[in-house]
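Here's the structure we're looking at; comments come further down.
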Amino acid sequence: MDAFGLDGLDELVRALIADGHRVIGPRRRDDAIVLDDVTGVADLPSGWGVEVAPGRYRLHRRGDDALFRHSAGPQSWKRFVHPPRRKLWETTDVGFAAAPDDERRLAFLGVRGCDLAALGVLGRVLGARSRPFIVAVDCTEPGGLCFCASTGTGPSVGPGYDLALTERLDDTGHWFLADAGSEDGERILAAVTRRPATADEVAGALRDVTAAAGRMGRQMPALDLRQLLHDSRQAQHWNDVAERCLTCGNCTMVCPTCFCTTTEDVTDLTGDHAERWEHWASCFEVDFSYLHGGSVRTSAASRYRQWLSHKLGTWHDQFGESGCVGCGRCIAWCPVGIDITAEVAALAAERSGDDVDV
Amino acid sequence: MTPPTLAVWKFTSCDGCQLTLLDCEDELLTLAGAVRIARFTEASSAISPGPYDVSLVEGSITTPEEAERIREVRAQSRVLVVIGACATAGGIQALRNFADVEEFRSLVYASPQHIGTLATSTPISAHVAVDYELRGCPIDRRQLLEVLSAFLVGRKPDLPDASVCTECKRRGLTCVMVADGTPCLGPVTHAGCGALCPAYRRGCFGCFGPVQDPNIAALTAQLRACGLSEEAIDRAFRTFTHFRQETAT
Amino acid sequence: MSHRARQLRVSALARVEGEGALNVVVRDGSVERTELRIYEPPRFFEALLRGRAHTEPPDITARICGICPVAYQLSACHAIEDACGVTVPEPVEALRRLLYCGEWISSHALHIHLLHAPDFLGYPDAITMAADHRDAVERGLALKKVGNALLEAVGGRAIHPVNVRVGGFYRAPTRAELAPVAEQLTAVLYLALATVRWVAGFDFPSVELDHELLAVHEDHRYAITRGRLVSGDGLDFPVSDFSSHVVEHQVPHSTALHASLDGRRYLTGPLARYSLNHAQLSPLALHAAAEAGLGPSCRNPFRSIVVRAVEIVYAVEEALRLISEYEPPEPAHVDVPPRLGVGHGVTEAPRGLLYHRYGIGADGLLTSAVIVPPTSQNQAAIEADLHALVTANLALPDSELTPLCERAIRNYDPCISCSAHFLDLTRSPA
Amino acid sequence: MLPARYVVTGRTVETADSVTLRLEPLERPIPRFQPGQFTMLYARGVGEIAVSISGDPSVVDSALTQTVRAVGAVSRALHDAKPGTVVGVRGPYGVGWQPSLAWERDVLVVAGGVGLAPLRPVVLTVLAQRWRYRRLIVVAGARTPREFLYSDELKWWSSRDDLALELTVDHAADGWTGQVGFVTQPLARLPLDPAATTAFVCGPEPMMRFSAETLLRRGVPADRIRISLERNMKCGIGQCGHCQLGPLLVCRDGPVVDYARAAELLSVREL
């Protein structure tokens, strides 16, 4: 493994850009850490931390200059690999034409374990679309709503990255431990001024990442969730959630794996030109399940059930894994703070006949 | 093929919604080729008689004369599209529905006995059947163009009954309620504006009206948590449109 | 024609915002009555504002008129800030002025090209006119579009902007958001000048009106969002004295409340602004005005279309200046805590003075609201104009006199939707 | 996933609101279909919907036969498409009936309304390979006698002695002398060899449930009752998420599934 300082990180970003990438990373904007184009370290949210609770997200200044220590923000990387709105095709009398793709390859800077897992999940649902260059970051500071340790997706990053970093702030300064996970990664790393890391440094980082697993603010109950959700189709608890749920769809939109879309047909006033567009949809929308004559799922209870059952249960049937990676976004960004881990616990309690108490 | 005819009607309103049609600067002349604008007094002194293929109706019903006139409009219109919060929900002037109109009258006018108004301001759908509703105070220009171009090709216009939050998130905005504690009606408000207010770091104030089955009680609890008083919550749910407010506990 | 009652009626005035009707009665060769009837049903804004929070009037009063919502929003802001003893910092005020320029451009471009020009060229509407004058209509749409782009960039949307709040703005637009608007403004400046030349070439009946003129005035710039009130006769008073000079009352021959300035009929709007603030116009606007044959004052209501075109030139230029000097104010608004009191606000809406007065209770709720829109101030002048016009043109047949009257009304671009104040009197037939 | 352009070359009016279209490719044809598969048909500027292929699978040409009932904007536009109209076609998608599952067995086809459209290829397959199957029973229901699809073909089927046809209507009219009632009535009394019967059922969801329950009661095993599910579909390829029914992505895992699998899903309200 290698080590480099802030200058090295800057070189890394510039190397990616020079290599033809559009680099996306965390930035501070509108009271949150969002994902947007970055051109260097100066764009990163140095010294900004985040405090999260159900339905609550607040930025605060940290005591240090850490760049990557902030819980999952309002956006996920999904918006770049599976855009909120995109043109599928356009058609004239002559035929159908696909919308042109952006030529530039994306590079993601600062992908945590949970989000790296999510990119994998999404890729398996949507099939291969162009794969971004991924600079992952191990997590040493989980937030109050994180539970990736219990979903097996963090805090250390799993496979699938091109480069993995561990951010270190110690008495030697602010530096990064780097590991290449692909040939591309090695090639880019070669452009960065770096030194080999010592065994102590590597061990220290590993210790911190491992310790982070014990500091997760949340935990997904260790159960066969597929079975639990299957058994809970007729649970009373759905009605309880429905009283609190706004059916606004925020959880599905912030979820890094929710992939549902719907389509729009667009014509100009002359009618000569028609386009078909796709945009993110949510199973909380009433029209989502519309069949001629009416929608299948109209009650809030059934729409919440669909979301949770799909995410944690039927995702296994459809794609052979769970749809949840433990990032905690749905808990933070639900305006009324509905907590997926607590709802699962309540369903488990109802199944085992205990009192439901959320 | 003769182009379909379009008529624009005004009831009690501010003209903002029909102005939206003139605000389609890039499309106006094309539109005038694709449809025949047969009646639009705000823009033309030429009026062709009905029936009309599409009528756009702005405004709410606040006088006995209007209650009569909307029936005639319906009878002359093949497709009737009501535009804006006034026409779909009664508009800001529907605040009178919760007050004493007599008092309102005497407050504003010197000779109140002459003002012939109804005690309520009601949406068009309370009087006649409507085919499509365009929400908003004012309506959204893209949605207006969508209804017109959809009509021209025989498509069902795309007017999704989803929350403003879905647009807010698609746009990549940061939730003002979660990140700033700013009260926002987005979760219970009908999409269509493209999450305009959150884009300006302001909570949605509900000008597109409620989604189907809004969970007002749950949002009320959240607004309280944001620090709004009961009176402020009441006012929030009763401004440009009116949300059915369940007593939240 | 004498010894007979002659009636000119227009039951639905076209190409004005809102719904109005015109009724002129001529008896024994002289004009007995001229009435601009407003049948816009009342919406009781002043009543429904009572009991609302002091933060709400900008949004609520915007809905009085979809054509000039910014005017309502900013008069409301000023009145409330006045009541609460707060003055917003200059950068915030500059952003307000920029927003207002958008409304002037958009509203004037709409009125000139889509509503008023067809009168001069003999078309029922702009779309028909476009068959012969497509360039002019497209130019109008292009100007209007830029005005709207400016309104959208600063206010969030063109009609009923969402970004205006008491104390300033919810979020200041970034320089990057304004940059494309500046490009568009630069691109249309020559269109604005072309419009001045175009309308200057129309045929104008020669009329000189003798109304008193009233406008907001600032010494160092063409007043839009703030200033003192000045009149042609040398009145000069602060906004807070508005209601002691301007009184609304009923007059026997009319059905509407007429406002008078110290007992006299008066006019607000482009003609008043131009004539009273001529010296404050920019060099380019002055040049355009001179080229169009306007002197330092203009009292021919038919020429108001030229004055509006000159004001577009000014507003485009002024917006460009404001954008070039722009730094996003941080924060974008100041806090305006409520306090017991009364406040006044006046701004120059595209159609003229718009006055708001609010009483605020200690709890921050409104105790009273008075709104005097330009059209109700101009009502007496419009009727007087009609009176003069009909008297001078009695020889014309009805088929010519009636449209002439309609044109005279459209000179004022009356915005009947702002009928906060109009009466709808049920009258017995003449 | 761009559509292929097809042109309407034939249009047969079936009922007051249904037509059968013959579509021929302008350029590349889509791959060959299996009975029960569907395509996504696109009407320009109006939208795209799932429509079953109702043609004869044994005919080897590149034309498609599809029957459309006008119920909304897109189906109306397709219904109204005159010969010469170009439409977009994607597909064929989904898991079909798989008639081979009924080799050496009695085949029972149960159709309600337009449900006959996706089943027609099953009947034609059995007739084309008659030796592979035992008895062929077709039970078709419609609301009124005028609402049967393929009425000429039904006449031909009824005249054959290797096919037992039972027609029933909800409301008799026009001198209808046949049966009146729901399809479950003939199903309840038909002579059946339940253990050796494979049933293919398509129609409105309640009709499929009642029919399947009737057959279950008569002893037809649940995994020998195949039904075709209907859910909102936007993409047809398992990527839009709309067509979920519990664990199923109907476009990918269906539309045809065994009742053994569907029964518990259909019994949960609003699943």
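Letters are used for the chains, namely A, B, C and D, taken in the order the chains are written, and counting of residues starts over at 1 for each.
Note that a contact is a pair of C-beta atoms (placed from the backbone, for glycine too) under 8 Å apart; a residue touches a chain by one contact, two chains touch by 3 or more.
To keep track of the chains, here are their UniProt names: A = 4Fe-4S dicluster protein; B = Coenzyme F420-reducing hydrogenase gamma subunit; C = Coenzyme F420-reducing hydrogenase alpha subunit; D = NAD(P)H-flavin reductase.
Because the structure is predicted, anything quoted here is derived from the model rather than measured.
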Checklist entry - Most remote chain relative to chain C, going by C-alpha centroids? => result D
Item to check | Which of B-C and A-B has more C-beta pairs touching across its chains | outcome: B-C
Checklist outcome for this item: Taking each chain's centre as the mean of its CA atoms, chain C sits from chain D (NAD(P)H-flavin reductase) at a distance in Å of 65
Item to check | chain B and chain C, separation of their C-alpha mean positions in angstrom | outcome: 25
Item to check | For chain A (4Fe-4S dicluster protein) paired with chain C, centre-to-centre distance based on mean C-alpha positions, whole Å | outcome: 51
Checklist outcome for this item: Cα centre of chain A (4Fe-4S dicluster protein) to Cα centre of chain B, whole Å, reads 36
Checklist entry - For chain A (4Fe-4S dicluster protein), what residues touch not just one other chain but two or more? => result 262, 265-267, 271, 274, 281, 298
Next on the checklist: Going by the contact rule already set, what residues in chain B reach two or more other chains?
Outcome noted: 153, 155, 201
Next on the checklist: Could you pull out the residues of chain D (NAD(P)H-flavin reductase) that touch at least 2 other chains?
Outcome noted: 44-47, 72
Checklist entry - Between which chains is there touch? => result A-B, A-D, B-C, B-D
Next on the checklist: Using the touch definition from the top, list the residues of chain B that touch chain D (NAD(P)H-flavin reductase) in their complex.
Outcome noted: 153-156
Item to check | Of all residues in chain C, those that touch chain B in their complex | outcome: 12-19, 40-48, 50, 52-53, 56, 59-60, 63-67, 69, 110, 114-115, 118, 124-128, 130, 134, 137-138, 141-142, 144-145, 148, 156-160, 162-163, 165, 169-171, 250, 257, 406, 417, 420-421, 423-426
Item to check | Touch list for chain D (NAD(P)H-flavin reductase) against partner chain B, complex | outcome: 44-47, 72-74, 76-77
Checklist entry - Where on chain A (4Fe-4S dicluster protein) does chain D (NAD(P)H-flavin reductase) make contact in their complex? => result 88-89, 91, 93, 95-98, 125-127, 233-234, 259-263, 265-267, 271, 274, 276, 278, 281, 283, 288-292, 296-299, 301-302, 306, 309-310, 313-314, 317-318
Checklist entry - How about chain D (NAD(P)H-flavin reductase): which of its residues touch chain A (4Fe-4S dicluster protein) in the complex? => result 1-3, 5, 27, 42, 44-48, 71-72, 86, 88, 230-232, 234-235, 238-242, 244, 246-249, 253, 268-271
